[in-house]
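Paired with chain B in one complex and with chain C in the other, chain A is shared by the two complexes that follow.
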Partner chain A sequence: MTVNELIEKCGFNAVSLPEPEREINGCYIGDLLSWVMGRAEADNVWITIMSNINIIAVATLADVCCIILAEGVTVDDEIVKLAGEKGVNILLSDKKTYETAVAVYEAI
Partner chain B sequence: MKELSLNILDIAMNSVKAEADTVKITLTETDESFEISISDNGCGMKEDFLKTVTDPFSTTRTTRKVGMGIPFLKLAAEQTGGSFSVKSKHKSEYPDSHGTVTQAVFNKNSIDFTPLGDIVSTVTTLIQGSPGIRWIFVHTCPKGEVNLDTDELKAVLGDVPLDNTEVIIWIKGYLEEAYAEMV
Partner chain C sequence: MSESLTFHYDVDGEDFTSAGQASVQVKKNLRRLGIAPDIIRQVSIAMYEGEINMVIHAGGGEADVIVSEDKIDIILADHGPGIADIELAMQEGYSTAPDSVRSLGFGAGMGLPNMKRYMDEMTIDSTVGVGTTIKMTVYLNR
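What follows is the complex of A and B.
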């Protein structure tokens, strides 16, 4: 399953999609960035409610296939722009973190 | 990071890498606020680099593209409604007064305030790892103060090195006792 296919299946809103064909290999959920940095695995979908600039760095380091901002969290244009430059996919979900995770689980 | 003492360890390691010979860690607590200040006399940073240190994509490391020590501390402080600053003077412009001061102020009553955690281990780890540096640690609370200056220890210890296991155990015990008395 690719990020593009996940968007189609779950209806997430992609605000940054420089790498739509990235393969998905599991999912990680967390908001404590230093914790996520050490534990999220490459090609994981990362679900979080944090939307500051540091998430782009953490996504790059952990090499996740996309970030999903759950619970209706929005993100600044400048962060979206940076995500595009760094090759980080960002999707938005209106669902709660748990429901977002269930949707990802069922899709992949 | 789950504990501020880990953030402090991370920032103090920057001072070690900057080849400081004196590093002062000051924690100042009131009923409402918690302030961390880490100052050193290391090589300092040039102005253009200083502007980028809070950017998670800047670092002196070559092994990875991003350095997260300062961005994480800044985030931890701002999450509580506090503030963050880094001031630095590079040795090329300030040959006699170079160094860096990193300061973070936290609102202790915020639900997102991260606890200090095991600061005694942080301080002893730093001393053991870099016994050549003069480490000054001051933690001031409304209830009292914990103080340690490795130069004062050296004056008493004479030729015994600071990273001697027994000395480190003594330092750990001294700090733990000082904290126990403060409560």
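What follows is the complex of A and C.
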């Protein structure tokens, strides 16, 4: 399944989608950035409520296929712009983290 | 590639939001050299953790990445406060980072353990009041 297909299936709002055809391989949930870098695997969906600019570097370095900001968290335009430049997909979900994860699980 | 290739970076200690620039650049350079993706991921994450540590604790520092035929060495050097108890600092969950850093999602006490996790070798040479030098190696062709 690709990130684009996930968006269609789950109705997440894509605010940055430079790599829509990236394949998804599993999911990791976490807000502590070093935990994410230590435990997330390449091509995971990363669900978080952390929306500061450092998530772009973490997503790039950990090679996740997309970030999903859950719980209705929004993201600054400046970060969206940087995500586009760095090839990082960012999706927004109004659902709670658990429900977002369940939706991803059912989709993939 | 028979000779080694060195990339040098100055890590800016003032600007927390730009931390990661050196790591992302390393990632690009290693990709250009045709290094395997899993190795690139390991090196760039370990390097980022080191960068973040230098920004949080040491007011910046310097990073050298040396790519040889059979290994990649990373040397991170700062003139920060030093690490008083290295064994304690290596424990997952132990951190001296301030709350302002924790609110950004850092300071979970996982930085040094992650560096060790992703590297084949790691040594920490630190003197309180003088600074810290960390040497890390990952072997290629494993």
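Quick note on the criterion: the second predicted complex is superposed on the first by the 108 of 108 C-alpha atoms of A that agree within 3 Å, B and C clash if a C-alpha of one lies under 4 Å from a C-alpha of the other, contacts with A are read in each partner's own complex, and residues count from 1 in each chain.
Definition applied: contacts are C-beta pairs under 8 Å (C-beta built on N, C-alpha and C of every residue); 3 or more make two chains touch, one makes a residue touch a chain.
The structure presented is a predicted model; accordingly, all values stated were derived computationally and were not measured.
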Consider chain A as the common anchor and indicate whether chain B and chain C clash or fit when overlaid. clash
In the superposed arrangement, which partner chain does A:Ala42 touch: chain B (first), chain C (second), both, or neither? second
Quick one: classify A:Thr60 as touching chain B (first), chain C (second), both or neither. both
Which partner, chain B or chain C, touches more chain A residues: C
Would you sort A:Glu8 into first (chain B), second (chain C), both or neither based on which partner it touches? neither
Name the contact category of A:Asp76: first (chain B only), second (chain C only), both, or neither. neither
Identify the partner contact of A:Asp31: answer first if only chain B is touched, second if only chain C is, both if each is, neither if none is. second
Now for A:Asp94: first (chain B), second (chain C), both, or neither, which partner does it touch? neither
Does the superposition put A:Glu23 against chain B (first), chain C (second), both, or neither? neither
Clash-bearing segment of chain B relative to chain C, given 2-10, 146-154 or 164-172: 2-10
Take the contacts of chain A with chain B and those with chain C, and give the residues found in both. 32-35, 37, 52-54, 56-58, 60-61, 86
State the interface residues of chain A toward chain B in the complex, per the touch definition above. 32-35, 37, 52-54, 56-58, 60-61, 86
What part of chain C is in contact with chain A in the complex they form? 16-17, 19-20, 23-24, 27, 37-38, 41, 44-45, 48-49, 104-106, 108-111, 113-114, 117
What residues on chain B touch chain A, complex-wise? 1-2, 6, 55-57, 64-66, 68, 71-72, 75
Hey, which residues of chain A end up touching chain C in the complex? 31-35, 37-38, 42, 50, 52-58, 60-63, 86
